[in-house]
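Paired with chain B in one complex and with chain C in the other, chain A is shared by the two complexes that follow.
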Partner chain A sequence: MACIELNEIAHAYVRNPAGESDYAIKRIHNVWDDGGAYALLGPSGCGKTTLLNIISGLVTPSRGRVLYDGRDVTAMPPEKRNIAQVFQFPVLYDTMTVFDNLAFPLRNRGIEKNEVIKRVHEVAEILDLTPFLKKKAAGLAADAKQKISLGRGLVRSDVAAILFDEPLTVIDPHLKWHLRRKLKEIHEQLKLTLIYVTHDQMEALTFAEKVVVMYEGEIVQIGTPQDLVENPEHTFVGYFIGSPGMNLLSCTLNGNVAHIDGARILLDQKTTELGGKARGKLELGIRPKYLELSSEPGKNGVPADIKAVEDLGSYKIVTLTLAGKTLQAKLPEGKPVPGGTAWLVFPPQWIRLFADGRLVK
Partner chain B sequence: MEKWENNKAWFLVVPVLAFVAFSALIPLMTVVNYSVQDILAPGESVFVGTEWFKKVLHDYRLHDALWRQFLFSGLVLLIEMPLGILIALAMPKKGWGVSFSLVTLALPLLIPWNTIGSIWIIFTRPDIGLFGAAINSLGLAFDHTRRPLDAWITLMLMEVWHWTPLVALLAYAGLRAIPEMYYQAAKIDGASAWSTFRYIQLPKMRGVLTIALLLRFMDSFLIYAEPFVLTGGGPGDATTFLSIYLVKIATGQFDLGMASAFSLIYFLIVLLLCFVFYQVLQNVGKGARI
Partner chain C sequence: MMGIVLDSVTKKVVAETHLNNISLELEIGTTTVVLGHTLAGKTTLLRLMAGLDRPTSGRILVNGRDVTGMSVRKRSVSMVYQQFVNYPSLTVYKNIASSLKMSGMSKIEIDRKVRETAAMLHIEDLLDRFPAELSGGQQQRTAIARSLAKDADLLLLDEPLVNLDYKLREELQVELQDIFKKREAIVVYTTTEPAEALMLGGNIVVIDEGRVLQTGSTPEVYHNPATLKVAQLFSDPPINYLNGAVRGDAVRLEQDIEFPLDGHLKSVPAGSYIFGIRPNHFFLSRVSDKDAELRVKVELAEINGSETFIHVSHGDSRLVVQEDGVNPLRIGQEITIYVNPACFFVYDTAGALFASPFNKGSDRRPAWPA
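Right after this comes the complex of A and B.
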């Protein structure tokens, strides 16, 4: 068990980084609590895997320190850190049986024979691998193989954290769900710190207690799934989380009214006060599911043209243009959609303001 | 599926069939034809049945050549396979060193085979050869034209120099194809360098090493040009391998019938051994018995 602290980490793969853009990791400074289940979420190329490899020790950061329970491990190789890593594709020792695969990390560390047998059987039991112990690992299905990779991490009693690098990429969809649940069970049972890298937001939101969103080599937000949906701290989080993502409209403020190229949207008192303090380029954000649509102007309605309606079975996605900008609204299945022009209502409590990309708060 | 009445598509295979027939089947059948006849003069032959085969099987010089051949191929594989793998493991993985070592390794493979024999004749000459003269000046008698052991040493050196690069290149290709993840996982599992080699690199190289082994076995078992140029099969019969003996029978004594019978047996031995090697390597460590 350990809490992992990243102290002012930066990493560049090139030897003499010239500028910001050479850094795969720009600046990361945070603490991963002992026993937490974290998902590291971000688009391809944002530095997730690099960060994971820095934590496990496969990559030594250009700058900064990695601390396990306050102990500096920055210079330590991965085998000296009490950490396990599961990779995108199952890594197996093909010529060995499942038992030998699981026993391998223990034998390498000179653990006594009876202890090895005991631990391997315990872990095989947890992962439902007991029937396969005597089989060759090479002949098993992808999900069993990935469980063996995971088992090689669990089998070591000293393991503080298990790192996952998109481990379900090669697993069939119906088994993904099963394995994800298995992971949750293991987390509850063993109270290990789990860090799970993925670019799939569904996977991140269902797996993790806390989701860490990365964007261009930086962490832009750490929060519960609910935080990410309701209070994205960065326009990127708003846009990336949710399907479809948050509607973002550049605007100017005039008292309690936001002007979007002539369209007027009323703000509540709290947002107005926040808006007054904001500096920089302002954007107004609202989640598609909070937008209301009606065929009557109503009290605060803003006229918009309906461009397309997609019926996804349990809900509809309506694409509209408002003062030349495209928006999306997510409506419940039963609700009728007016044709041509509709009136959009922006519920003030769900409106968020962003200044230069950051949430105004 | 509906079966086609008109199978004209088969005509498209005719060119290939014709080509294979001319390049392999017809020559092979000619050999079969010769092997059951005694050619007395051009256009004059007698059918002799299996007589040549019986004679070949009881020829003690051929038996000696066969054992010599097995010894030679065995030594070649024992030296070249491990050495090739070691070279591949030691080769650089990136930078200018990669192309440098690849080109250097490939050089012996680009030289015509009988030129290699000539190079080594000069290299090992006891009077002026760099190697031969150097060994002799150390006080060790060395002469591959007179001493059988020296002839063997020279041949082995030449063979290893010539063909180990092929094994190394194949093994290197196999190593480069292993994803980085495997090494990372092995590191995290605390595997030693030996375990990494034994449980990751070696199993992942199975395919290329099978090819290397088969190629090296076949080539060394059929070796002709280099010993022919270097030693001519001597001293005595010390380096008379199967193909050298075969050519002696065929063109030296002009015993075409016996040479043909011999060729067929030779061919079958190579085919059988390749099949055995292939089967063993495909199944080893794969859990086929479980």
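Right after this comes the complex of A and C.
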């Protein structure tokens, strides 16, 4: 296992990059700890697959160095880096048995027969593949095949890291739960360095200890799932994490009151102080699940018109307009929705301010 | 009836039955979601409706006319596939216009239609580009626009968003739902995901292994899944089950949980049952004095930043608890979870729904106090 350092990495696919927009990776400089479970999350085109390929060695960066445990591997091809990879579609030999598939990477390296048998059985046990060892891979379901791909990575005792490129995209929802859980258990048991690329926030947030959010070739935040939900550093993170994303409303401040056109939202002392120092275009952000809806004005309610209510089973999404702006609230199942006009309460502890798109803190 | 009717349709390929005796009526102006696992028969169903394949037996009627065996070219159909299909040598504009060429529309009309449809899918600035110059999301929008531009009676979408980014998918689901509502067409949309089905609303057809398991309004079916299998297919995270028995005026679950027959459970006669409970109805703390308690062992806690999915075991049963907030729990820890008996679905041992916590009909308020 290894600690992976990305030192001043930038990458352009074009030969002579002219400006910033030619770079798929603009500047990345960070360390991925040994034994950490990381997710690399972002929309398509944000550079996450490029970054994964730089870590694995499939792509050599235009600038910067990649270090494994302090050793410079920038020019080293993937097969010399002891990296295991799991791709979107399972990569295996359909005509071979599950056992032979798992044994393949070991036999390839000339590992001694008894050791091969021992390792294959250990890994099969972890992945619940023992009953299938003598079966041909061709006949197995998609999730079992993906487990074999993963097993081919785990079977080597010398892997520096396992890299996953959207491994659950082609898996049905009910099997995703099972596979995600398996991955978590493997990480708990083996403490491997795992890097998992996905555009699916649910996969990223449940899998990772640290989520690395990318946007237009840059890392915009590295944080625990809770950080990303509660304190998004950038409006993009607010929007991208959560479904629906964070409500973001242009506002002006006057003491402890945020004005959203006609509506007045009260701030707590901490936010008021932060707001006093903020410069630039201000936005007030609040997550849909923290907004409270009432049929009574109450103490701090602001009136909003209900435009639509969508019943999504375990919760409802209510779309409202407040001072001409659209926002969404997420209510738990069973909670009644007022008709027509609702009074919205913005709990002060969940209000965040953004100046020119950056969290005020 | 104005719409499409499938009358006892079966499709076999060699010895394998892909669709088994399907009868459906879909009206014009409605959206129908077809929910099922991969290989359940969703694509086969769409291909039969489109006329791309011929059923082995049974009839297909469109607006009262038998079209079984009629070629797709003679039908008013457009279809969106899971994999983006565009003409690589044509611009986005020409890709969208290609579906209108045969319609006999004037050039001006075609131009108006192409621009209007492109605007609906937010690709109006990309009309001069070629597919290879677009992102995956933009390519699929182009493919969808081509299908929408043509005013077909039957609009079929086969997991159209599955290859797109999660966030883009979420946005397109909302937009498509509005687009479908405005259309005088029969819209059929397949998915494997319960959340997507609920988002699209309309009506639902739940299929599994080539058979229709249940049809109805989408929220109605979610709240009253007629069989255990439907409850499984239509719950994400998966629905939990506990074996139980009714004796006298009490329910006994597994070996150690007992609570009185109350509310919707009152009419359940003595016998063995399976009790289904969705993960968001388990709680880590007591919510009402009617709550039953379960001692469980934590196997894993998945935290998504605002909720925790706690995988636990109770004897041989494995359960999932969906709890609000961040709840770090140690693996192996023994905890108590709580459930209000008013939230249980009761299935008989053959898997048919016996009692549901939700009232049937248009008023779907749960039987438990909100």
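Just so we're on the same page, the second predicted complex is superposed on the first by the 356 of 361 C-alpha atoms of A that agree within 3 Å, B and C clash if a C-alpha of one lies under 4 Å from a C-alpha of the other, contacts with A are read in each partner's own complex, and residues count from 1 in each chain.
In the analysis below, a residue touches a chain if its C-beta (ideal position, glycine included) is under 8 Å from a C-beta of that chain, and two chains touch if they have at least 3 such contacts.
What you see is a predicted model; the values in this text were computed from it and never measured.
Participant: Just chain B (first), just chain C (second), both, or neither: which does A:347 touch?
Facilitator: A:347 sits against neither chain B nor chain C.
Participant: Once chain A of both complexes is superposed, is A:139 in touch with chain B (first), chain C (second), both, or neither?
Facilitator: Once the two structures are laid over each other on A, A:139 reaches chain B alone.
Participant: Examine A:303 and indicate which partner it touches, taking first as chain B and second as chain C; both and neither are also allowed.
Facilitator: neither
Participant: Between chain B and chain C, whom does A:108 touch in the aligned arrangement: first, second, both, or neither?
Facilitator: Touch status of A:108: first partner only.
Participant: Just checking: does A:85 make contact with chain B only, chain C only, both, or neither of them? Give me first, second, both or neither.
Facilitator: In the superposition, A:85 touches chain B alone.
Participant: Of the two partners chain B and chain C, which one touches more residues belonging to chain A?
Facilitator: The partner making contact with more of chain A's residues is C.
Participant: Looking at chain A, which of its residues have contacts with both chain B and chain C?
Facilitator: Common to the two interfaces on chain A: nothing.
Participant: In the complex of these two chains, what residues of chain A are touching chain C?
Facilitator: Result: residues 43-45, 142, 169, 172-174, 177, 180-181, 184-185, 188, 199-202, 205-206, 224-230, 239-245, 287, 289, 310-314, 332-336 of chain A touch chain C.
Participant: For the complex, which residues does chain C have touching chain A?
Facilitator: Chain C residues touching chain A: 37-38, 135-137, 163-168, 170, 192-195, 198-199, 201, 219, 222, 232-233, 236-238, 278, 280, 300, 302-306, 309, 311, 320, 322, 324, 326, 331, 364, 366, 368, 370.
Participant: What residues on chain A touch chain B, complex-wise?
Facilitator: Contacts found on chain A: 53, 56, 58, 77-79, 83-85, 87-89, 91, 93-97, 104-105, 108-109, 134-136, 138-139, 149, 152-153.
Participant: Show me the residue ranges of chain B that touch chain A in the complex, using the header's touch definition.
Facilitator: So the residues of chain B touching chain A come out as 179, 181-182, 184-185, 187-192, 195, 199-200, 203-204, 285-287, 290.
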